[in-house]
């Protein structure tokens, strides 16, 4: 672990290539349908791989991960819309504020373990959602609509939407790179120790409270920035959409599908889930049963392949794990 | 010059039970200090109080003159006190080597990953586990897991090592090897050791000093000879007066 | 003003009893097998729609419908346990959470396909029991529902504390390994407990459906309320859950005149998180079968 420089890792180049493909293929073909499709895929990969830092690396099940995305969206749009700042500082502010809030909140709720922590995160998501629904500066229940002039600062709507798309793709690449970098760092080693046995980790010298708060805050940053970009691109943000608990849990399904704790697996899982979801939504037979199919899929993974796709691959080809992860 | 570890009037209650009461002792640099006593005498609780897993109600613990009473376990480790567990706690889904790297990385020396890997290998050699470095820790047998516990604690190069029944549950051959490991650790690193052990002949032969706990209280302390001939110890713990003399003969 | 407050308190207690019953279903399952049942909401919704079917298609009296719903809920719960839950008992929290959530997705998916997400309601009224005071009327349905909730909770209490099965369930909750050694077939005890938990949740769904209109998604809201209740009363503690339910009902009822109702969830969930962090054993914990 850690002996290889990250640039030498094939995974680094796989991530770079995937990011470039996401950015260039729709740009060169001008295919807007493909762009929207890949956008959702990129957002799912961002959500799932940052969540993986909590669930896959640290074994803390965060059901409220979507709160980072939603709150980031709200803060970012508020900065753009009401304060009239440009998009990029708004992204940064959203990321920093949400991470700080997560860090502070984390010092409290991360004292809980197991199911208790999972419950608390559901509570956090619902509390934040209920608060935002009542918070007038954020538009309350009717949400916030972006004024059209916000797009003008970025060279018109068409241009602005492409920029937001590229930025989200970059965030996708950064999320994967972050997962890989943490995995091969001293910090990551500490997280893994916490995942395996928190008490043992503490006795071995891992400063567990700080590590947990840190990873919680880190896992909030990119989703918050992505939230700003995503809802900026949508032009509107509503409480139910921003804090959708189902999407939170779908993110867990994605990382389970690909293999929790793996870098590439989680990305594959998120992408596959997005494709499947898209297929089910347009299919004449299954459009009614999208949720049922997803539920059956989840149940099958949980019961028969809890390590996920890449987990299964690595178990059968252990050498591959050392090369890729 | 203060001792390496000083424990003064340490006490802890659980509900109505006095788990540890008014225990004081000191350990010098490089010493092997044995801790014996019947089951439920509070030996493991004493360990937990010293390394911060449990906060004491009364008393004081100092390491190299610095008070560590009630500090979090990781802060205690960072100051040079590492321990093993009687009930092993391997990081199951990580390799044996990574387990030990955790100890080296986050232990007293706070090594960087690369240096930690080297230290971890040395530590694994010391406990004769180097040939299993790349298997998952969860797949080791009990003897392996016990040696892994020691390797992890040792890898951070502590000043004081707390060993909690490293021999319990091992068969005679495995125990023999483990005793050799403990001797080697002392010779190679000069680390002071505080050990809980039930096998009397082992503790008598390894220890420089021994303390006996009974119902959470200190019953006696002294050299192995003194302990073996202490009336109260024989009555409360050894039971058979001849056993003591046999033990000393074997030594 | 005083009468308003009295009415709010009575109203709060009545609704709270039903919250309590719903939460008992959740907390029983957690107490016995350490599983947070994420299909709780879907089960409540199933109870609601069962009531709808039994009253419209079969023409059953709505309050009698609770009997077949309890039985059906029990059988359904035992089935779900064997199919989806048993394999993951004892593995990580994530697995049990996801297994029950998967079943939740399936139920909601099928339910949406059958009933869409538009609201339904069941016509029930018991005007002879309504209580009027100073222009505020407490409907008879609310009183009947609360009384039934308390009766069901009492019956469950009797089952847990005065039958052999109850003894076995409590033994398994306290220490599964020891119960196994004592010759208790823990697998079946777990399955039966899960069935009871599901039946109680479905029964609570029936009672709620006699009061308010509902959709297939309504259960989620009550599931979240059940979480709050359970944390108030102590995770895994049925008696605490009933008390927690009444406390939650009171909070809702008493704050209603003073705070805009849309702020209630903010208060509820903030309290929820704070209590969970500060008192993980519950504010009103009775220490029932906690591990």
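When the chains are written out, they are named A, B and C in that same order, and each has its own residue count from 1.
Heads up, the rule we're going with is that contacts are C-beta pairs under 8 Å (C-beta built on N, C-alpha and C of every residue); 3 or more make two chains touch, one makes a residue touch a chain.
The model shown is predicted, which means the values in this text are computed figures rather than measured ones.
*Asks:* Tell me which chains count as touching both chain A and chain B.
*Replies:* Correct list: empty, since no chain touches both.
*Asks:* Name the chain whose C-alpha centroid is most distant from the C-alpha centroid of chain C.
*Replies:* Taking each chain's C-alpha mean as its centre, the farthest from chain C is B.
*Asks:* Could you work out how far the Cα centre of chain A sits from that of chain B, in whole Å?
*Replies:* 44
*Asks:* What is the distance in Å between the mean C-alpha positions of chain A and chain C?
*Replies:* 32
*Asks:* Return the distance between the CA-based centres of chain B and chain C, expressed in whole Å.
*Replies:* 50
*Asks:* Which chain B residues reach two or more other chains?
*Replies:* none
*Asks:* Residues of chain A touching 2+ other chains?
*Replies:* none
*Asks:* In the complex, go through chain A and note every residue touching chain C.
*Replies:* 55, 59, 61, 63, 108-109, 111-112, 114-116, 118-120, 122-124, 126-127, 130-131, 133-134, 141, 245, 249, 252-253, 256, 260, 288-296, 298-299, 302-303, 306
*Asks:* In the complex of these two chains, what residues of chain A are touching chain B?
*Replies:* 1-3, 185-186, 189-190, 192-193, 195-197, 199-209
*Asks:* Where on chain C does chain A make contact in their complex?
*Replies:* Of all residues in chain C, those touching chain A are 30, 34, 36, 84, 87-88, 91-95, 97-99, 101-106, 108-110, 112-113, 220, 224, 227-228, 231, 235, 260, 262-263, 265-266, 268-270, 272-273, 276-277, 280.
*Asks:* What residues of chain B sit close enough to touch chain A in their complex?
*Replies:* 51, 53, 72-74, 77-78, 82-83, 85, 89-94, 98, 101-103, 105-108, 110, 112-114, 116-117, 152-153, 156
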